[in-house]
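Next up: some structures, all given as C-alpha cells.
The same subunit A turns up in both complexes below, where it pairs with subunit B and then with subunit C.
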Partner chain A sequence: MTRDRTPDSHDFPTRRYDLVKEFVITLVVVLVASLGLAAIFSSPDEKPITMSAWANADPNNLVTTAASELAGTTTSATYGAPYNSNSEGQKLGPIPLQKWGGVRIPIDSADLVLGPLSNTTNDPAVSSAVAAWKAAAPEQQTKWAADYVDAIGAAAADGEAATGAGGDPANVAAGDYGPVPALSAGLLALAKTGGLEGALDSAGNFYGGDTTKSLLLLADGAYLEDQAVAQNLAGDQWGMMNEVGNAPGQPWMWLYTFWYQIKPFSTSDNADVEVWALMMLLTLLLMFLPFIPGLRTIPRWIPVHRLIWRNYYRRSAGRP
Partner chain B sequence: MTTSTGAKSAAETTDPGNWTNRLRGRIEGLVPPGEALPDRQPIYVASWIYVFGVLTLSSLAVVILSGCVLAVGGVQWWHVSSLGHYVNSVHLWSVELFFGFMVIHLWGKFWMAAWRGKRAMTWVSGVLLFGISIGTSFTGFLSQTNFSAQWIAGEGKDGINSTGAGAFFNVLNPGQMLLWHVVLLPLVVVLIVLIHIIQVRRHGVVPPLDADLEG
Partner chain C sequence: MMKSLSIVAEGPGRYIHWGVIQISVANLVIIVAMIILFVLALIVPFPSGHDEETDQERRQK
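Here is the complex of A and B:
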C-alpha cells in the first residue's frame, strides 16, 4: 500500500474567496430555476384509483379478486412476511431475510372481504352470506371459494384459451359455491358505493391514516396494474423510476431499476432481494472506495483531474 | 473588597471535569481556527466543479423551504389548490436539481480522488448522504396521495419486504411514510450534511493530484 503523500491544503498559497456570497448567489439561482421549472413543467398529479372506479370499470375482476381473497390464492394471501406465514417469502441464497422480518402487519386475506361486509347491516343477503361463511369449516370455505374462482375462469389472452366462464361471474356454471357469490357481489356493491376504502382502513378507529389493506386488495386485482402498464410504469418498463406522463420521476434510481430488466433478475423468483443485495454491495463499494486498491487509483489512470486543475498544473509547470 | 464577575479564573476555564468546558473544547477543535468560514481558499480552488457542492446545498435549502410551505397546507392541499400544486412543483423540481447537482459533485470528487489526505470519511459521509437522500425522496413519492403513490407503494413494498425491513417500514402506510419524509429522514440528512461540511472545513479542499509544495 502506497503512503498517502497529499500535502496539507492549508500550506498552499491562497486566493480571495467569498463562501457566503457564493452560497447566496447559488441559492438565488436554484430558487429561480425551481420556480421557473415549476411554472413551465408543473408536476403530475393523477387522481388515485378508487375502489369505486375499479368496480365500475372492471366489475368482473373485482368479483374474481374477492373470491380469490376468500380462497386464499391472491398475491397478498400467499405473500408471507410481513402479512402472513403462508409462504417462505424471498430468500437470498439460503437466507430467508423476508421471513426473519416477522409477521408484524398480520392480514388475513379473507378479512379484506369479510371485514367490510361484516359491518354491512342493510343487506340481508350479505349478512346471511357472512353468517353462512363463518359457520362453515375452513376446508369447506376454501373449497367453495376455489371452485367459484375456477368457475369464473379467465378470458382468452396471450394465445391462451378462455377458461371457466371466460372471467364473467354472470355466466358461471351451476355449482355449489356456498355464500361466495353473494359475498363477492356484496363487496362489488359496497365498492360501487365508494365506501369500501373507509370500511377497510378506518372502520372502528375513525382516522384512516393507514391504507395497507386497501392497497393490498387493489394490488391483488388487475385494474391497478392495467392502469400502470398503460402509463409505462410496470416493473419491466423501468417503472420504479418513471412517473406518469413526461415527468422525470426518480432518475437517480436508474441502476436499481436496471437490474430488473436483465437476467438473471428478470426471471428470478427472488429478484427483489437479489437486486437489493446487489445494490447494497455496490453502495458499500462506492462508500468504501477510498480503501479499495485499484478502484481508488482510477482517477490517476483516467486523468480528468488534469482538466479540473489545468490552471494549477500550467502554473506549476512554468515555475522555475 | 473587590470582585470580578466577567473574568474567569484559569481553573474555571480549564477544569477537565467540567462538561461544558469539554464540550466547548470539542466544538472549537472541530475545525482549525479561522477555517470555519475563511475568506481565502488555496490557489488551486479555481474550477466550476467546485460550485456543485454549494449548488447541492442551496438546492437542499429550497427543497426544505418548499416542503415547509407544503406542510403548512397539509397533505391534501396541493390536490385542491393551484397555489399548492405550484408549490409541489417547486418542491419536485428543486429535488430534481438537488440530485442532479449532487451527482455532478460526486463525480467531480471522484475524478479528484478527493478522499486523499485523511479525507476518506468525508467521502464516506457524502455517499451515505446520497443514499439517504434517495430514501428520503422515495418516501416523498409515497406521500403524494395520488395514483403514482399507489403504484410506487405497490411496487416498492416487494423490494422492502424481501429484505425483512418491511415489517418495520410499511410503504403501504402513507401516514408512516409521511412522517419519515417530513421528520425523521430530513433530520438525518441535515445532520449528515453538517458533519460533511465540518469534515470539508476541517481538512480543507483536497490539493491536486501530485501537487508538490516545494516544486
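Here is the complex of A and C:
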C-alpha cells in the first residue's frame, strides 16, 4: 500500500486578500477612465457614403461601373462564392476553401443595374433600353457592354497613358453599344435622386435591411476605395488597425494586418485565406503552449514571474 | 458638452511611416501607454508591507 504524497493544503503559504475591494477599485478606475477617454476622444461621426454622393462626385466612374456590371467584369462579378461561380476564389494551397463555401447569396452582377431600372416606369428611354437588353442574346449583351467599357477607357494614371475616351462617357467614339449607354445613364440618374439604395435593397428582405447589393455595387466602383485610402483604411495601409480621422483604432489587430504588408502575402492572390490560416496556427500554438516543448520553458529563460513575486522568491532563497 | 470636449478626434489622422510600418499617432499612444502600464505593474511594489506577510509567517512569530 502506497502512501498518498499529496501535500496538505494547509501546508502551503497563504496571504490575506480582499477580492471585493479589488473589484470595487477596478470598477471605479475603469468607469472613470472610460468616461474620461470618451469625453476626450469621443467616437467618429463620419457621414455615410451614399450612391448619391458617388454619382455627384464621380459620375463617370459610376457609368463605367454600371457598364462593367453588365459586362460581368467587376470585382463582385468575378468574385466566386458566395455570389457566383465565376472563379474559384481564395485557395489555401490546392484547397479551394472559398468555393467549398458554396454560392449561398446568388447575385447576377447585371441585376445590380437591371433590377433598379426595371422598376423605373417614368422614363420611356430606360424602359425601352431594359426591354432591348432582355431581348438580346447573352453573347450580344456581353459584347455591347464590353465594347462600351473599352470605349470609355480610363484616364491616365500611375504613368500609364489614357485609354479609350479617357474615362469620360461623353467623349466615347461612335459604335454599336446597344442599350448599354442608356442603361448606364439611367442608373446614374437614379443614383443622383438618392433612390438607388432603396431600389437595390428593397428586394433583400421585408425591412430592407439587407444591403448586400448596394455594398457590392459601391465596392465595384472606385469611389468607396478612394474614400478608404484617403482615411488610411486600405489593406496595404494597415487599415484594419485604423479608424477614420484622428480617433484611436484597433491596435490589437496589429499582427493580423502586419502579414498583409510583407511578402509573400502582400503579393499573393490568396492573402486573405493564407493570413487567416497563419493566424489560426499561431492561435493553436498559444492555446497549447503548456504542452509544447521548448516554448513552455520560456518562463525559465525569461522569469518575469520572479520579478512580480520577487518578495516571495527573496524570502524563499533565504530559507534552508 | 461631450462634442465640445472631443477635440482630439477632430481633423485628419496623423500617421507615422517607418519602412513597412505605418501607424496612427493615436494607436501609437495607446500601445505605448499599454507597455508603460505593463512595466509599472511589474516593478511597482504592492501597496503595503503587511499584506506581503503570509499567514504562515504570522504563525511563526
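FYI, the second predicted complex is superposed on the first by the 304 of 320 C-alpha atoms of A that agree within 3 Å, B and C clash if a C-alpha of one lies under 4 Å from a C-alpha of the other, contacts with A are read in each partner's own complex, and residues count from 1 in each chain.
We take it that a contact is a pair of C-beta atoms (placed from the backbone, for glycine too) under 8 Å apart; a residue touches a chain by one contact, two chains touch by 3 or more.
Source: prediction; values computed, not measured.
Novice: Examine A:278 and indicate which partner it touches, taking first as subunit B and second as subunit C; both and neither are also allowed.
Specialist: neither
Novice: Which chain, subunit B or subunit C, is in touch with more residues of subunit A?
Specialist: After superposition, B is the partner touching more of subunit A.
Novice: Would you sort A:308 into first (subunit B), second (subunit C), both or neither based on which partner it touches?
Specialist: A:308 sits against subunit B and subunit C alike.
Novice: Give one of first, second, both or neither to describe whether A:262 is in contact with subunit B, with subunit C, with both, or with none.
Specialist: second
Novice: Kindly classify A:53 by the partners it touches after superposition: subunit B alone (first), subunit C alone (second), both, or neither?
Specialist: A:53 contacts neither subunit B nor subunit C.
Novice: Who does A:246 touch here: subunit B (first), subunit C (second), both, or neither?
Specialist: A:246 sits against subunit C, while subunit B stays out of touch.
Novice: Given the touch rule stated above, what does A:155 touch, subunit B (first), subunit C (second), both, or neither?
Specialist: After superposing on A, A:155 lies clear of both subunit B and subunit C.
Novice: Check whether A:39 is in contact with subunit B, with subunit C, with both or with neither, and answer first, second, both or neither.
Specialist: In the superposition, A:39 touches subunit B and subunit C alike.
Novice: For A:232, is the partner it touches subunit B (first), subunit C (second), both, or none of the two (neither)?
Specialist: Only subunit C is touched by A:232; subunit B is not.
Novice: Output check: A:136 vs subunit B and subunit C. Expected answer is one of first, second, both, neither. What do you get?
Specialist: Neither subunit B nor subunit C is touched by A:136.
Novice: Can you list the residues of subunit A that touch subunit B in one structure and subunit C in the other?
Specialist: Overlap of subunit B and subunit C footprints on subunit A: residues 13-16, 38-39, 41-44, 243-244, 247-249, 251, 304, 308, 311.
Novice: Could you pull out which subunit C residues touch subunit A in their complex?
Specialist: 2-3, 5-15, 20-27, 29-31, 41-43, 46, 51-57
Novice: Note which residues of subunit A are touching subunit B in the complex, please.
Specialist: Subunit A reaches subunit B through residues 4, 6-20, 22-23, 26-27, 29-31, 33-35, 37-39, 41-49, 79, 81-82, 89-90, 97-105, 209-212, 215-216, 218-219, 224, 227-228, 233, 235, 239-240, 243-244, 247-253, 270, 272-273, 275-276, 283, 286-291, 296, 298-300, 302, 304-305, 308-309, 311-313, 315-316, 319.
Novice: Looking at the complex, which residues from subunit B come into contact with subunit A?
Specialist: Per the stated touch rule, the residues are 32, 35, 37-47, 49, 51, 54-55, 57-59, 61-62, 66, 78-79, 85-86, 88-90, 92-94, 96-97, 99, 103, 108, 110-113, 115-120, 123-124, 127-128, 131, 134, 137-138, 141, 144-156, 158-159, 161-168, 170, 172-176, 203-209, 211-213, 215.
Novice: Which of the residues in subunit A end up touching subunit C in this complex?
Specialist: For this pair, the touching residues of subunit A are 13-16, 38-44, 231-232, 237-238, 241-249, 251, 254, 261-262, 304, 307-308, 311.
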